[in-house]
Amino acid sequence: MRREIPLVIVFLFGLFMIVQFFIPHRSFAFLYQEFNNWTIIIGIFTMVIGVGSLITVHYSKIRFKKPGWGYSIVTIVSLCGMSLIGLIGGTENELFLNLYRYGLSPVTSTMFSLLAYFIASAAYRAFRARTVVATLLLISAVVVMLGRVPIGQIITAWLPEWLQLQNIADFLLQTPNVAAKRAIYIGVGLGVAAVSLKIILGIERTWLGGDGGK
Amino acid sequence: MTPQEWGLYEYIFNGVAALLTLCIFSFLYKDNPFYKFAERLVAGVATGYFTMLLFWTNFMDKVYDPLKAGQWWYIFPAVLGVMMWTRFSKKWAWVSRYSIAFYIGIGSGVSITVYLYTYLFKQLQATIGFPITMDIAGLNQFLVIIAVLSALVYFFFSTPHKGALGFVSKIGIYVIMICFGAGFGLTVMGRVALLVNRVIFLKGYLIQLFGG
Amino acid sequence: MAGNVEMGFWDKLMAIDRRWIYLTIGIVVFIPILLDMTLPVYVTAEVKAVYDRIDALPQGTVVMIPCEYDPATMAELRPMAHALFRHCFAKDLKIVSCALQIEGVTLVKDDLALIAAEYGKTYGVDYVYFGYKPFPAIVILNMGENFRKPFPRDYYGTELDSLPMMKGVVNYSSCALLVNINATSGADYWINYANGRYKAPLALGVTAVSATDYYTFLASGQIFGLMGGLKGAAEYEKLINHNAAATKAMNVQSIAHSVIVVFILIGNIAYFASRKRKKAI
Amino acid sequence: MKKSGFKFLVVLAVSIWLTPFASFAEVISADSAFQSFPPMPIIVTVSDMPNDPGGALIVEWSIPDADSLTLASMNVYQISRSSNPDSEFESITSLVAGSTRYEDSGLEDGKNYYYRIIAFDNDNRLAEGTGGPGVPSGQWFNTGRIPILIMVVLFATTAIGFIVSAKKGYKFYVRPIAGIRAVDDAIGRATEMGRPILYVPGLGTASEVATIAAFTILGRVARKVAEYNTRVIVPNYDPVVMAVCQEVVKGAYTAAGKPDMYDANDVYFVTQDQFPYTAAVNGVMLRQKPATNFYMGMFYAESLVLAETGFISGSIQIAGTDQLVQIPFFVSVCDFVLMGEELYAASAYLSQEPQQLGTLKAQDWGKVLVVVLIIVGMIFSTFGWESFAAWFDVG
């Protein structure tokens, strides 16, 4: 019951999804769309568990006065406040939208912009010509970095055209870059097929819990 | 930039946004109470925001409306969804495996064909569809093919990378590294742009406060 | 690392506190924004292709510019959208747009309205905005049949059929071309469905980071043009002769890139110098 | 002047030729009373859209009498549809110059449809024609996807073949992968240092295979963690992923005979928004100082933010993703990286079950096949035999 039925479910629906790929008919297209919708619906319901987990974790921090428990109050209050406003006023009300616009999105974009700093420090540390492999990584990064901004074009303008940075950068992007991506994609395609097959056949069942849910 | 007509409301909201921006930037120096505050605040706000969005748009559109419209079979996914709630109980948590099994079954079934199609066939077709001609384009195409083949060899798992195979796989990892370097270099662009945008925002707020 | 051996200058430089690097980046980004500096922009073929295709369209042709960016990615993609809107409005083309990423719905609405106002264009006559529907793949597929299928009403709740511009505009085939500005991996759906299934001519505007990914599709002919990040936007701004945000940000980028490259150089010099010293000992 | 005179002559010749087709000519003349010469005929063919769910037709047309100049002057094609050739046609769309094909959809299966195409230059209708009937229907097998079917069958039988022979005791060689071997060492290190392990399952949903692969690796990590009495922290982005991770970790503790050590608060939900999630995980890294950070599954722009913060907090870092764009950042910052396919292979490696290793062998044979196809395809394309490459143009 706890192990066999889930494995049967995975097998049946997995097999159906493979078969439907080859059957264009309306009825299969309909089922395909329905089943996709169903997974979305499961996701919607599961959000309750997610929110439950968030509250439990922070509540236990507050209750046992674990380090930083004061910040957990901030989370609980902002979660409840935002939900309440959204529940009463709907998602189109001005306050709800403004809390998103001025409370959430500046943090989102600033977190994202930290990458400008992190990229610099990562490049400083990692791009050292220790080995052939590291050197290739380093050179191709530098060429593309300079070749894609005006300065790179200015500093190599005196060279013959095919040696100018922007053209080398374009070559790197269009030849080795495209080729490596294709190879990786092909490998990923096969890898995904293999893992999916193992899941459908019930060989791979970690998702049922540790030793396959025994 | 010139100051615009702002009311108190705009000053407060933009002030909050500017403050939060600085809170996050402070993380660069080290972890501190301001960052902690911003981090915990947005965890709550974001969850509240997305939960409400899920409820009002997705739940209403995908579950409530179809059921109301008489599409009775939507009771199945709703039941599967509710079964996930058994996770709140230690004793019944295993029931949620049924829903998870459905979810994973659909996902892996779709993936086999879709990945073979978009990742294998499309890439294969793009690689072999061009003739090797005696010009720059032909040379380029030839290089692409050599590079694809050697990078593929790098990913062979069941043979030792020795001898000729070792040599080819070495070329393969070189190609892959050039690809990663190019990817890294290209990304720097976008990331600096993001920072520029935040700086422009802060500058705008300062101008607004103190005049241009 | 330090141990009882004292660290030489080069070792110290190699292990420099990352915050000095952060500080330098901060300075080079802040200062050029205050000073207005311009550097020439070089236009690549993949951006020119987009410009040329649009530029060759006769007046009144409908083009579709679906936009999928959010607050986090708007820095890169908004200038691109602006430049495209400007080009289309200047050529008296008609624009249909939608946003299949929820965080961007109001952003795109505001952006369209802003540029339309610049060119004195009227909503419903010169441009139409569908707004947002979840599950991009399904929406894109349905739009291939009829825009009215996923979007019976536009963003403002008006029925599509009552908008003068939408007369005879049915699906992708009614649009001369599609330019999808996309910050997400959702661009794949446009390639697979709009172009793959419905054969709509498609170009992409993506973030610099994903641009590498889409060169493959450019090479395979699934997309006819590609704009990557601010650079792509700056090139487009140059083509339409309207320097705006992207060109300004590009200047900062040029300097920031050079600084990062200088850092890499210093790191390598330090690395080789310290290695030499160790060998000598 | 000369050219337009010639055009007139052509049109005249065509219209004389058309006169015997009285009924056809009548339709045209009735509609085009405002112009001096009758339009050229358009040959319209309507066929069912192949390999589709139904409800769609393909309308194709050509204008055999038009020279390239006339064709170029036709800048709008108006397409209208009717279920009866004698009744009113309803305009459905107009297409730009150079179009020769339109795919109509949203139709009713089994019904007859007729199409009329009218070509205009700026003011005049230059050509027109009607075609049909076409009857839309849905197909039960997509013949365009036969190559994929062959591939799926081939791959599945090879894989199952290797699995069966593995079960019979056949041993396969697998080459060592540094990132996978590092997994066990990393857990040992955490135990020595008395610090927890952080496992980030990425931003994917539980239906994405990369995330499913991450579950498997988590299973292995959690099992070791349970054996060594360390702690594993799993912050989640997606609630379904969280549910599975909880199941996996709990199962691992149970399997190790220590079910009481499992703490549900260690496998928790953060938020379903990329950067707030990242901010929170950063917090965990800096405050809990995990000895090892695992990043397995789908990662996007947050990859470098996470990896740099992990570096700052001094953790050993092992990443695995099939998101190509992010691999460079992981490669630069992390100690070990599983690139693309290696992530999928990891589960087989870690389990060391012969059946699992069997599928790796099938993957390799898949790659051998691809290598052969590329070489053959290259030769064929170069010698102009394009139908080989076209065979892979599946829809």
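First chain written, first letter: the chains are A, B, C and D, and each begins at residue 1.
In this section, contacts are C-beta pairs under 8 Å (C-beta built on N, C-alpha and C of every residue); 3 or more make two chains touch, one makes a residue touch a chain.
Remember, predicted model here, so these are calculated numbers, not experimental data.
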{"item": "Shortest contact path, chain A to chain D, counted in steps", "value": "1"}
{"item": "Per Cα centroids, the chain farthest from chain A", "value": "C"}
{"item": "Inter-chain pair with the most contacting C-beta pairs", "value": "A-B"}
{"item": "For chain B paired with chain C, centre-to-centre distance based on mean C-alpha positions, whole Å", "value": "16"}
{"item": "Computed distance of Cα centres, chain B from chain A, in Å", "value": "3"}
{"item": "Whole-Å separation of chain centres (CA-atom averages), chain C against chain D", "value": "21"}
{"item": "Junction residues of chain B, two or more chains touched", "value": "24, 27-28, 36, 38-40, 42-43, 45-47, 49-50, 53, 57-58, 84, 87, 97, 100, 103-104, 106-108, 110-113, 115-118, 120, 123-127, 129, 145, 148-149, 152, 155, 176, 179-184, 186-189, 191-192, 194-195, 197"}
{"item": "Residues of chain D touching at least two other chains", "value": "145, 148, 152, 155, 205-207, 209, 212, 240, 243-244, 247, 270-276, 279, 287, 301, 324-325, 328-329, 331-332, 339-341, 345, 360, 363, 367, 370"}
{"item": "Chain C, residues touching no fewer than two other chains", "value": "18, 22, 25, 29, 72, 74-75, 208-209, 212-213, 216, 219, 231, 253, 256-257, 260"}
{"item": "Chain-level touch network, classified as line, ring, star, complete or other", "value": "complete"}
{"item": "Sites on chain B touched by chain D in the complex", "value": "24, 27, 31, 35-36, 38-40, 42-43, 45-47, 49-50, 84, 87, 93, 96-97, 100, 103-104, 106-108, 110-113, 115-117, 120-121, 124-125, 127-133, 145, 148-149, 152-153, 155-161, 176, 180-181, 183-184, 187"}
{"item": "Residues on chain A engaged by chain D in the complex (per definition of touch)", "value": "18, 21-26, 28-29, 39, 42-43, 46-51, 53-54, 56-57, 60, 67-68, 104, 107-108, 111-112, 114-115, 118-119, 121-123, 125-127, 137, 141, 181, 184-188, 190-199, 201, 203-204, 206-211, 213-214"}
{"item": "Sites on chain D touched by chain B in the complex", "value": "145, 147-148, 151-152, 155, 172-175, 177, 205-209, 212, 240, 243-244, 246-247, 270-273, 275-277, 279-280, 282-283, 286-287, 324-325, 327-329, 331-332, 339-342, 345, 360-361, 363-364, 367, 370-371, 373-375, 377-378, 380-384, 386, 388-389, 392-394"}
{"item": "Complex interface listing, chain A residues touching chain B", "value": "2, 5-7, 9-18, 21-22, 34-42, 44-52, 54, 68, 71-72, 74-83, 85-87, 90-91, 96, 98-117, 119, 123, 132-134, 136-145, 147-149, 169, 172-190, 192-193, 195-197, 199-200, 207-208, 213"}
{"item": "Residue ranges of chain D touching chain C (in the complex, touch as defined)", "value": "75, 91-96, 102-103, 105-106, 274-275, 301, 312, 324-325, 395"}
